[in-house]
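Read through the structure below, which is laid out as structure tokens, and then see the notes.
The letters A, B, C and D name the chains in turn, as written, and every chain counts its residues from 1.
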Amino acid sequence: MANLSVKIGNIELKNPVMTASGTFGYGEEYADFIDLSKLGGFVVKGTTIHHREGNPYPRMVETPSGMLNAVGLQNHGIDYFIDSIYPRIKDIDSQIVVNVSGSDVSDYVAVCEKLQPLDRINAVEINISCPNVKHGGMAFGTTCAGAESVVKAVRNSYSKTVIVKLSPNVTDIAEIAKAVEAAGADAVSLVNTFLGMAINVETRKPYLSTITGGLSGACIRPIAVRMVWQVSKAVSIPVIGLGGIMNGRDAIEFLLAGATAIQVGTANFIDPTVTIKIIEYIEDYMIRHRVDNIYELIGGMKI
Amino acid sequence: MANLSVKIGNIELKNPVMTASGTFGYGEEYADFIDLSKLGGFVVKGTTIHHREGNPYPRMVETPSGMLNAVGLQNHGIDYFIDSIYPRIKDIDSQIVVNVSGSDVSDYVAVCEKLQPLDRINAVEINISCPNVKHGGMAFGTTCAGAESVVKAVRNSYSKTVIVKLSPNVTDIAEIAKAVEAAGADAVSLVNTFLGMAINVETRKPYLSTITGGLSGACIRPIAVRMVWQVSKAVSIPVIGLGGIMNGRDAIEFLLAGATAIQVGTANFIDPTVTIKIIEYIEDYMIRHRVDNIYELIGGMKI
Amino acid sequence: MKKYVKDFKVSDNVHLNEQYSLLKLKPVDGEMPDMHPGQFVQVYIDNSKNTYLRRPISINFLDKINNELWLLIRKAGDGTRHLIQTPCGSMLNMIIPLGKGFSLKNGNILLIGGGVGVAPLLFLGKELKEKGCNVSFLLGARSKNDLLEIDEFKKYGQIYLSTEDGSVGEKGFVTQNSILQSSFDMIQCCGPLPMMKAVASIARKKNINCEVSLENSMACGVGACLCCVEDTVSSGNVCVCKDGPVFNINDLKWQI
Amino acid sequence: MKKYVKDFKVSDNVHLNEQYSLLKLKPVDGEMPDMHPGQFVQVYIDNSKNTYLRRPISINFLDKINNELWLLIRKAGDGTRHLIQTPCGSMLNMIIPLGKGFSLKNGNILLIGGGVGVAPLLFLGKELKEKGCNVSFLLGARSKNDLLEIDEFKKYGQIYLSTEDGSVGEKGFVTQNSILQSSFDMIQCCGPLPMMKAVASIARKKNINCEVSLENSMACGVGACLCCVEDTVSSGNVCVCKDGPVFNINDLKWQI
């Protein structure tokens, strides 16, 4: 049996297949469809220090091979997560990662400090790339200085694995990745959504209440693969690849480009069982290609 | 009859529908399918000072709702264009724009100086955003200083209309647009292609000979519309919008976002008659919505 | 109720008119999931270029005798255009069942439907009748030809019709129908938003318990993406796909 | 030759085997464009989610009597998977005709095809025969069941077969077939690249004029996008879609 396990910072994933924040709820929503313990890990949705109602609807519009969303980090806040959600999911035998967002650096720190004591949460994903909030979010992720400031502060207040989720809405994502690596990140995950918009030409109004939103889905995959390739060459910490992964082939493509693990996002909406199919595809691919260890595939593109 | 004519710099287009450089050859390739004189204008493919063989094949791979290309500015050079192609197309009753590329500033200047005397060429599109060439191209388009340097030099050597084609592979496209406006551009066109890549997982080789290529097609439209909206708010020169326009609805979407004219690119490959259908759709839309003058639609998104 | 991702086989495709098809579907594995009136399914459309996400379709009817699920499809976009043309024998993959449905109360119940909104009321009417309720259907449409499944509705209750052109039933909107003069213990409604709001305000004036079934642009259908929210009195933004699509009007922040 | 964007109606869809379908198409307006053997069409596939661009398909045959165009479709990806299932009566939009075809020479001509590469040779063989040529077909496939349209080919020339498993004709590759001992005035070939290169090297050794039909990933099909280039002796990078797909081997920079 091929070895699919990978290491991200100090956490070990039984396989490289994770789910992306904001697309998989708290895992529970998919418990009817798949055995969550089969996943390498899952990232629970963006959590902030205080409760957030998110943006008004409409929050979503379909686009060619993708979708725009403008949820705006709706969540009940970190205390509610710790008191009401964590107890329900903590016994799932998979790596549970909490995606952390904030309006300023102290928010990120406060949330991470509250997560520190939780036995079953051994990694956070610092979201400096949410395009759907007025303050913070992407603002931190589009400059090296902004990214550094958040990561340094979190690093000093959180001793477990720190993953930093990068924005693709930049000229040189490798530069940002190098900055967060220098600031002490254990891994980077990319890409978050692309800032986009769509207009209803009959009403002349934007489809989203916030005018712009985050583009995800298969449409962005070629750009995401390119960015994963560039970043994995630029940094020595593990890269978690995401952006339009719809099936096992796409997952392998990201691994070959340099990703140590991958996250499945929008594809969960189209097929709630897709993550399991991807794991099975990778196992089958490794047998077909006589690959014993998944690390032989990581960055294995032949030029 | 509604008035569809728009002005870009000193040139007047009978309607806002143009074709994008590199997707429409020299117009002739589509003469069997449509009456070229019905077009507002067409941009002939990227022309350089010297003949270029372009990149080795494979140069193209299909992606979800789009395609990656790595043509690499294959063309016979400006002299061949002037001697052999211009005489064949100069009598087409439409605005003929020449897309100009170069490896350094002097190349751009030299090509524009050679175009200056041509009666039927009254505008150039300065390509500072080609992702498929080693030198120049996108390098100029991703910094304000780089963009300025090319545009200033061209402006001083070419007296007709200068359109600058911008790269979307930047953090803040509005900043670049402001820089080229300040440098003397008469208009900007956006977006050029997004840098992307795709890997064949069975061979583990990239699909393109150049590894990365330019992503175009419907998949990028939401990002392109957002950038057109941002740029049109930031500059006072006309914006020509392009990026995944597949039909008349999409064209109207770009106009509402702030584009004064639009360019149809990849869609020509899928339907060689699409430009005419788009013009007819716009005419019909203006009747349905009681719009007498196309300028009522430009930037007409209701917030 | 447990949710499934299941393949169904199209056993019949009844073209009701230019705009509407009634798809009858059998689970390939023979096992029909439990479902409740007002719930919906997410259909995967395999052959539509311009359809990336699944399409939410409300459950029209559950034919327990023939083990068939009925979906009433209206041609809205490219996805549903392909869906109404689905040939018999072909497969459809669905996530089923989704959302919270209508409540099943007792007494004198009026079910109001407009356009394709009549779909969930057939299944609901049947369940209510079997429960011993006195069911009345008030169905509205633009014109006679737009009224759907009337013969089916007749099996489960009294029928009252409104058409905008008066080609059948009373002329005008459902909200103008004289049946609304009578009193009911409960009104359950599905249709265009303006119609549902008008019905809701009548129900509120007459102090009748009222439920409506909302639409919203959905991605996941299971409450994971938080795209399809509705602002509620009890808990702020909740998911129409998971906490709805059926809401009691007292929990909505509608200005009515 | 003038190019058209034209709607065709599928008058017949012959499922040759699990992998292949023969589509017979009539122009909706009744007017069949002029075309030449070796040219191709760009088919728009309306019902495939994963097909954004048109698909280039070489012209298999032009049935002038029935005013029908034949396309031989091999199931390669999602687009062709849908294409081979196209029901009779449905419409296909095509750009037609595209590219430069085979030259029509005189004398003793051998047409070599492998797999789906046999497609253009049927139309070519017919035209050559009508021109008075002595036509021989050397057709290769993995196995007996993979050989296509043999009865059609028989109408226009001598048939020589090669199968890798020897289930019919000579065992081995077409390049090992004994017919290649004889001499010809011209060899025209279409098939997998390794096969065409092997054929080209034999032709060169025996100093036989030889044309091959190339594949390449195409977008526009009309020479506008410059994606599908082949490096040539005469003019460097040229478009396979416009200056090909048929090339004389002497103009190719193949190492043979």
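We take it that a contact is a pair of C-beta atoms (placed from the backbone, for glycine too) under 8 Å apart; a residue touches a chain by one contact, two chains touch by 3 or more.
None of these values were measured; they are calculated from a predicted model.
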Set of chains adjacent to chain B and to chain D: none
Chain at maximum distance from chain A, centres defined as averaged CA atoms: D
Rounded Å distance, chain B centre to chain C centre (Cα mean): 47
Euclidean distance of C-alpha centroids - chain C vs chain D, Å: 52
Distance from the mean Cα position of chain B to that of chain A, given in whole angstrom: 34
Residues within chain B bordering two or more other chains: 63-66, 217-218
Per-residue multi-chain contacts in chain D, two or more chains: 51-52
Contact graph of the chains (line, ring, star, complete, other): ring
Chains grouped in pairs wherever the two touch, ordered by label: A-B, A-C, B-D, C-D
Contacting residues of chain D [partner chain C, same complex]: 46-49, 51-52, 82, 87
Touch list for chain A against partner chain C, complex: 22-25, 29-30, 32-33, 45, 53-54, 56-67, 69, 71, 74, 217-218, 266, 268-273
Chain A-facing residues of chain B, complex: 63-66, 68, 142, 169-171, 194-199, 201, 203-206, 211-212, 215, 217-223, 225-226, 229, 244, 246, 249, 252-253, 256-257, 285, 300-303
Chain C to chain A touching residues, read off their complex: 2-5, 44, 50-54, 95, 216-231, 236-237, 242
